[in-house]
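Take a look at these structures.
Shared chain: subunit A. Partners: subunit B in the first complex, subunit C in the second.
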Partner chain A sequence: MLETGKISALQLGMIIYPVMMSTAMLAGPNVMAKAAMNDLWISPIWASLIGFLCVYTTHQLYAKYPQKTFIEQSEEILGKLFGKLLGFFYVCFFLQLNGFIVREYADFISIFLIKTPLSLISGVLVLVCAMAVMGGVEVVARSAQFFFPLFVIPLLVMIGLIFPDLEPRNIFPILGNGLIPSLKGAITPQGWFSEVFLISFLMPFLTDEKKGKRYGMITVGLVMISMIMVNLVTYFLMGEATGRILFPVMDTARYVSVADFFENLESGVMAIWVIGAFVKVSMFYYATVLGAAQWLNLTTYRPIVLPIGLLTVIFSFWGLPNLAVVGDLHLLVIPVLLVSFCCLIPVILLVISAFKKSNTAYKGAGSG
Partner chain B sequence: MKAKYMVLVFCSLLLGGCWDRTEINDLAIVTAAAIDNEEEQKIRLSIQVFIPRELTSGQGGTGNGGGELTTVYSGTGLNISDAMSKVQAKLSRKIFWGHCKVYLFGEEAAKQGMAEHIDFLVRHPGPRNRAYLYVTRGKAKEGLAIKTVLERSTAEALREFASLHIGMAVTLIDYRNMLKSESEAVAVPMIENGSKLQTPAQIQTKSILIGTAVFKKDKMIGHISPKVTRGLMWLRNEVTEAAITIQPPHVKGIVSVMPSRSRVTLDPVIKNGKWSLLVKVDTEGDVVENGTLLNLMNPDLLSIVQKAVRDDIQARITYSLGTLQKGLKVDVANFAGAFHRKYPKEWEQNKDQWEKIYPEVDVRSQINVKIRRPGLISAPAGVPQEDVIKE
Partner chain C sequence: MKWGLLLGMSTLVGLMIMYEWPKLKSLPKKDKLSFFVLVFIGWFLSLFDLPNLPGPTSMIESLFKPFSKMLE
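Right after this comes the complex of A and B.
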């Protein structure tokens, strides 16, 4: 057994919430407003369907192959050769994706820390995450649990403080151009919702296994509600301009002004974003490390933590020359990859395993 | 030993946070900025900078003002950033936008289009979206020199004006929202030419706000008087505190009512291809001055006053629509948005013709005034008891 730590189902939820929410909090309203305009609040509802599906398939696979992560499951289902091949793709995909997430984080931070080199910003984050991953799943879960209130409460406070400036009539006309815009707006968030697939790498370590699925579903639901809330608040404040503002939530926080002195809360949003990015990156990092170790049949994953961290930093630069390219990939390429890796392939594997099960059952009956 | 070195290495990595540090005594804190057009396609950026020295040494001399708390630097360039570099060259400290609360635009700059300037203010991470916009008569630079008696700087005074809602208060986000709204019409409050507000006598007698500058897209096309502005503020649901003074019909004397809460909704109707709009106003307030002989504790007499207030609000709205809808033909009250919200399909079909439709929209109003309290006294003070009209 590579991992000896144990986490609770609640902790699982607390890891996954920032994983799905942190990117959505920064750029979500912008991405959805571009396509859906004032129907942007409906998009998370469509997108969350894929999240629920992901939790369902991941749990079904886990129920068939208990105590195994997706990398091990694919070997069982597809056989040694194809299983290893698929596992390799997954490890590479996670590595690439994590690099991308680190880059998004670093690009945002460096808008304000202009002189700090990008490599330092991403390097320091990855280093901190490496420490968490080195400590194992328990440390990742504990830090997520510790940061969870720091992630959620400031967000709620900010929404409360901006309330007097909101213009709720911006929401009308609802579905003025039919359902299509809101569906288009759901394309990118689908990617974020399918990240819930990472529970596959946490479920084997649950103390209360039965609650895993339930907490996964609850988390997806909460993320959906939070996204709707954030989208509405930013749209109520900024209207159609939301589609042009790269970081609308931060702009919203900057607008807060209570009693002339409680203002300029964007540093708060940045702190939330750093916390969210830390949890998100360390979770993807952990999944990459654990997956790679299982794929290589290692007895411990600790030796590969730092090398994979280094690769993550490198991947955060590779093929990503500027924010325009990052934003472009973010809009369609990454979501398509995420949906296919986190939802489509697991569904296919589930179908295959269903056939296989009946096959072996049939064979068993024949020989018996 | 090895562990100790490791700790040192890790600690030094955390120093990465100090890379972009900024010390407060290296910053020139901008309190207001003014943008003017100059010859040869150039613009002039003037910034009002806080003088930190005065804060510490000026504490002894209370009352008589002492030295200036702010000073103005300016420079010309092709756009704001270019001009900013020129200004920076004159300053020993780095320009810091974070506390800039007011942007002034010269009339000429506003007429030639503000798109580029606004782009800088929104794109650059320094300036805040909460800052208020003003257009000045003449040069905006002179606006920065307006002497204020009560506040520390012009910027502070203008910000206070905005929060009092005497005229319109438009922040950068409001401006952007109006520009992106269906009507693409923008209104920005306008202030008097700075050169006319120099001596204390001028400041004490003249008012600084002189109505509103009206924009179509990003170009200023006209100026409306404070009276029209008040009607516009009713239409935009922005009225807060200003007494409505009326003369009730068939009664000698005048009454002032201070509205405390108002709500305005625009209710558009499209019927048989005819576009009309109902302005619904709900307002309530208290009587603050009564120069008539009416005893306002009598509900019947109060309703006379209520009706007069209603007619007055109606007249204000009609008056200002006369200028906005028939005169300038600019939809700053965003009727277009109201139509879009209620009739999305019709709006999609007709949005290109909005410029033609707008002046023809039939606007009616339905005003509901509730006077809640007559103030602290019932019958008018200062008149003999027998003269008071009770019924």
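Right after this comes the complex of A and C.
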């Protein structure tokens, strides 16, 4: 066993919630409002279907091959050669995706820290995450648990402060142009929801395995509710302008002004985003490192933590010259990639494994 | 090629090896090899002008663009 730590199902939920929510909270309303306009609150409901499907598939695969992560499962299902090949693709996928997330984080922070080079911003984040990952799954889980209230409560406080200024009539007419716009708005969030697939790398270390699926489902549900809430609040406040503002939640926070005392809360949003990005990057980082170590059959994953961190920083620059390219990829290409790697391929593997199971049972009956 | 970058990356990689080596020493050959290979890949890649080179993201883009066009 590469990992000896144990986490609880609740901690699993607390890791996965920021993983799905951190990007969604910042850019979500903008992305969904562009396509769905005033129906942007329906899009998370469609998108969450993918999340529920992902939890179901991942859990089914885990039930068939217990105590194994996806990298090991694919080897069992597809055989040594194809399993290793698929595992390699997955490790590369996680590495590139993590690099992409780090890049988005660095691009966002550089709005505030104008003169700091991007490589320094991303390097520092990756270094902090490397420390968490080196401590193993328990440290990742505990830091997520510690940061969870800090991630959720400020958001609720902000919504409370903005409440008097909301204009609920902005959402009418509901479904004015039919279902299509809200479905189109669901394309990008689908990618975020399919990130719940990462529970495959946490499930083997649960103390209460049976609750893993339930907590996964609950987390997806909670993320859906939070996304709807954030979308509605920004749209109630900004109306049609939501689709034109790059980070609407930031502007919502900037709008808060209560008793000349609570002002400029956008720094709070930045703090939440840093927390969310830390949990998200460390989880993807952990999945990359654990996946690579299992793929290479190492005795421990600790020595490859730092080299993979270095590669993550490099992948956050490779082929991404500027913010425009990053934003373009973020809208369509990355979600399609995420859905196919986190949802489609696991489903295909599940189908193959179902056939394989009956095959071996038949063989067993024949020889017996 | 920027010599400052080369020097900086080499120092970083050197520090990393120095930090890991005491723990790495007792591990099997395979672990050591994977560590050094990964470090070397990282060091080697950092020598290029990566942001303006086509990379994995460009490949992903050309692979998945048709699908995302379909969705639009």
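The definition used in the following text is that the second predicted complex is superposed on the first by the 368 of 368 C-alpha atoms of A that agree within 3 Å, B and C clash if a C-alpha of one lies under 4 Å from a C-alpha of the other, contacts with A are read in each partner's own complex, and residues count from 1 in each chain.
Rule of thumb we're sticking to: a residue touches a chain if its C-beta (ideal position, glycine included) is under 8 Å from a C-beta of that chain, and two chains touch if they have at least 3 such contacts.
Here the structure is a predicted model, which is why all the values come from computation and not from measurement.
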Touched partner set for A:Val152, first subunit B, second subunit C, both or neither: neither
Touching partner for A:Pro173 - first (subunit B), second (subunit C), both, neither: first
Which of subunit B and subunit C A:Glu240 touches, first, second, both or neither: first
Contacts of A:Pro321 with subunit B and subunit C, given as first, second, both or neither: second
Touched partner set for A:Leu2, first subunit B, second subunit C, both or neither: neither
First, second, both or neither for A:Leu113, with subunit B first and subunit C second: first
Touched partner set for A:Ile308, first subunit B, second subunit C, both or neither: second
Of all residues in subunit A, those that touch subunit C in their complex: 92, 96, 100, 184, 187, 296-300, 302-304, 306-308, 310-311, 314-315, 317-322, 325, 329, 332-333, 335-337, 340
Subunit A residues within the subunit B interface of the complex: 111-117, 120-121, 124, 127, 167, 169, 172-173, 176-177, 237-241, 251, 254-255, 257, 260, 263-264
Contacting residues of subunit B [partner subunit A, same complex]: 13-14, 16, 19-20, 98, 125, 128-130, 163, 171, 173, 176-177, 180-181, 340-342, 344-345, 348
Subunit C - residues contacting subunit A, complex: 12-13, 16, 19-20, 23-24, 27-28, 30-32, 34-35, 38-39, 41-43, 45-46, 50-58, 60-61, 64-65, 67-68, 71-72
